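Each in structure tokens, the structures are laid out below.
Two complexes are shown next, each including chain A; its partner changes from chain B in the first to chain C in the second.
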Partner chain A sequence: MAGIELLSDQGYRVDGRKPNELRKIQARMGVFSQADGSAYIEQGNTKALAVVYGPHEIRGSRSKSQHDRAIINCQYSMATFSTGERKRRPHGDRKSSEMTLHLKQTFEAAILTQLYPRSQIDIYVQILQADGGNYSACVNAATLAVVDAGIPLRDYVCACSAGFVEDTPLVDLSHLEESAGGTQLSLAVLPKAEHLALIEMDSRLHQDHLESMMDAATQACKDLYAVLDRVVRDHLQEVTTSIGE
Partner chain B sequence: YLHVALLFWQQVILCHCTLDDLRVDGRSCEDYRYVEVETDVVSNTSGSARVKLGHTDILVGIKAEIGRPKLDRPNKGCLEFFVDCSANATPEFEGRGGEELGTEIANALYRVYDNERSVDLKSLCITPMEHCWILYTDVLLLQCDGNLFDAISLAIKAALLTPSKIPKVQMMEDEEGTTEIELSDDPFDCVRLNTENVPCIVTLCKIGQRHVVDATLQEKACSVASLLVSVTSKGTITCVRKIGGGSLDPESIYEMIETGKRVGKALHAPLQDILNKEESLGKSREKVGFIG
Partner chain C sequence: MNTNSLTQAPWHQTTVEPLEYHRKFLKENCRPDGRELGEFRTTTLNIGSITTADGSALVKLGNTTIICGIKGELAAPPADAPDKGYIVPNVDLPPLCSSRFRPGPPGEQAQAASQFIADVIENSEMLQREDLCIEKGKLSWVLYCDIICLDYDGNILDACIIALLASMKNVQLPEVHVNEQTGLAEVNMKKKRHLNIVKHPVAASFAVFDNSILIVDPTSDEENLSTGFITVVIDEEEKLCTVHKPGGTPLSNEKLQDCINRAITRNKEVCKLLNKVMKSMKAK
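So, the complex of A and B:
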């Protein structure tokens, strides 16, 4: 795309970040009292809410039930006012269904489902404001919500996107950078073991560059892990003090 | 078990309401729960507001788009409502589960707001028959704990009242006679909607012989039926509607309308105060949103 210079000669991006710099992250756990777990995250201007219900008895048809593990049920939806142009439906379109599936697969890899046979865990995520990196914001919010619900995880799941501009990998893409139409890589990582829970790349990239892009994205996920861990610890501190009072 | 619990609550609630002016959570019959209002929470909307009423949590976003006026009112703009009962609120709303409730609420909102008496629709018209502003008002239910209508109406009023980012437009006509819409370049050059007559909704729940405002889920479960009354800041009633099953006798409907009028009129002033305060702070206001 002509016109926008995504990376300046001095090595700064459009919003002034360095190539390997994340946007500002603010998060909170326990936003809602009725759900079993909930969390809210802001990554730059992307805002996402996640709510967890369960583990509980399987709703609907019992045939879905697994005798040796819990099933994970997800729904990804975007508020109709979240995008620049108004969306007609919050969920149910092809893109949201795909996101739902991705989320489900990601969390099946992370949650210790074998601890809850014949039950179900619901994870509902909602994008309130979209500015790039919707999938990663959702995964990060959902991780916090699952932790808030007290469901055992193998490890945190941290997700981040990465792009590739002028031989430099950029991490945590904003909407502007996403819509410029370059290569985009979404990565969900279990940071301690460095396992990948999800990897998805669209459009082509020279194989030689793949490694540097993966490294940048993995590092970004690890940076995110540090932030999420801080949020969880701060939240626990807050809760324990309030119980102690 | 649930049934027993409900019966127990029913007894308690009924007793309290009929005997004295005291409810289970200590409120009197005409008291609202604690309300929190914050505007401008979603930055890519023309106006947005989040309202917390007890545990009920509502987010409203308004987007202004240019469209064609409706055929039956060619010189007016219009409001479009959409209510998304998200699965966040309860797992029952997953998939298409919330659609029915969403449509019911949206229809009530059309009745209350989409008319000349509530909102100055003429000011939303750009050129008659051709172009007008359509205010897409999208309601997102994040948590439900009774009294959705009142919370939604507060959020809609707050979102409409904020300095809405509806840009000024000019019609340009070139030599061939085709018209073009030109938006003002200055992002602060906005039209502000006249919201003097925008009503608030008060829902009254009939419990036993009395009626209460701002019923919680438990109180709602004990009530026969409820009455929705929309009241402007001057105390004019713009819409009355019975909701839910059960029937009400005319006598109690009059009483409920009277209460609704009184409570509704009193609801406007504090809301206006909060919004004025927020606006006077301007950019220096610390945005809370869902953090904190």
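So, the complex of A and C:
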């Protein structure tokens, strides 16, 4: 690969991380008052916000309602100032619509929708700054927001991206690593049972390498799960002590 | 979960008879969240958090959260004003900020807010459009000011103006030269300079209750119950930039004068806050 070396000889990446190291994660829950559940996450420089409304009565077309489960309505939106070049259409373009659909499908797998027939759960995700791993940050933020809203989940949904350079799988790609070309894998996992909610892979990859990439990504998701779980427990402790006072 | 209100009233009072509930407080010259009639909510400001934008600011006015990001692009100047650049504000009220907004194209409120901000920028002359010109007739800057509401709890116009002002002060544009031989622009990312902000307009919004009582900085509940609105924008020289009163209850001259006086004090409060935050940023 010409240009920047994604993996140095000593095994360090451009930003100094090891191949299986995640970026620094900071997350907060319950950040907005209007929403039923909200969360903010920072993975490295990628900043994502997720807001959940629901479950509530179906708005708009009644024909969409399901008699035995809730429908999930998602919207993925990127702020116009979130990317290096100003993004002309924050949502409604093809890439955003695809992400929206992926989010919807991921959460339909995780949320116990049978408990809320004929109702609707809205999940809105906003990217404030995009530095790679947009889908992963969205899914992680949305998981925290759904937990904050008190909607029952089968398990946390943790997502991570992975790449493959010089026979080494790289985990949690930054924008620089994503745009360098090469294989990219997005993975959303329910960590306890290691069930896969969503896999998406771009570019060519030899099938022998697939397993090592998937293992690296799954392990990264499990690490992420530990972080998110810690955030939820800390938040719960904060909320219960302030109610008790 | 909202455990923010100081008084946890029985739910039927706040849901079934909200107007009576508010009236009880107004009789004592205060409001359900403990504020006085002329008191603004706590304002917090965070500048420069979005590094992909040329300038950014996050404002919290109580629960109302607004983020503004400014990006500069190069374009040919308008034909009727070849020595001026463009400033394009845009207010977005996405469905994530409140359940009252639906997904889709910008609604009436968002478009009206965008136009209001554009008017304030032009009327207050906070920035000279000539400063944005790089080469007369050939190249100028376009400043796209994108304002997104993240949490809607009333009084977004005030918060938008503060966010806009703070992010304008935070903007750093690189130096651009037009190469005479090739006619192409050469951008020097290493040399950046701030914008020259000459005026600092600050808005103060009021809601009219029961055709007579004026309250400052209404929350979302108060906005729903009020009978009229008025917004006054004043700059630091105590000059009026904009007075915006979209219909609603008629107001007497003295009430208007009260509003203007309150707006003047608000301008001082906000400018002080802004200077404090900018100083603490420079110290880093």
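The working rule: the second predicted complex is superposed on the first by the 244 of 245 C-alpha atoms of A that agree within 3 Å, B and C clash if a C-alpha of one lies under 4 Å from a C-alpha of the other, contacts with A are read in each partner's own complex, and residues count from 1 in each chain.
One rule holds in what follows: a contact is a pair of C-beta atoms (placed from the backbone, for glycine too) under 8 Å apart; a residue touches a chain by one contact, two chains touch by 3 or more.
These numbers were taken from a predicted model, which means no experiment stands behind them.
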Clash or fit, chain B versus chain C on superposed chain A: clash
Partner chain(s) touched by A:239 [first = chain B, second = chain C, both, neither]: second
Partner chain(s) touched by A:30 [first = chain B, second = chain C, both, neither]: second
Chain B versus chain C as contact partner of A:47, first or second or both or neither: both
Touching partner for A:103 - first (chain B), second (chain C), both, neither: neither
Partner chain(s) touched by A:142 [first = chain B, second = chain C, both, neither]: neither
First, second, both or neither for A:6, with chain B first and chain C second: neither
Common interface positions of chain A, toward chain B and toward chain C: 31-35, 45, 47, 49, 51, 53, 59, 75, 77, 79-84, 86, 90, 122, 124, 126, 128-129
Parts of chain A lying in touch with chain B, wherever the complex brings them together: 26-28, 31-35, 38, 40, 42, 45, 47, 49, 51, 53, 59, 73, 75, 77, 79-84, 86, 90, 92, 122, 124, 126, 128-129
Chain A partner contacts - residues on chain C that touch it in the complex: 1-4, 49-53, 56, 63, 65, 67, 69-71, 73, 90, 92, 94-99, 102-103, 144, 146, 148, 150-153, 220
Interfacial residue positions of chain B with respect to chain A in the complex: 42-45, 48, 55, 57, 59, 61-63, 65, 82, 84, 86-91, 94-96, 136, 138, 140, 142-143, 145, 289-292
Residue ranges of chain A in contact with chain C within the complex: 30-35, 45, 47, 49, 51, 53, 56, 59-60, 75, 77, 79-84, 86, 90, 122, 124-126, 128-131, 239, 242-243
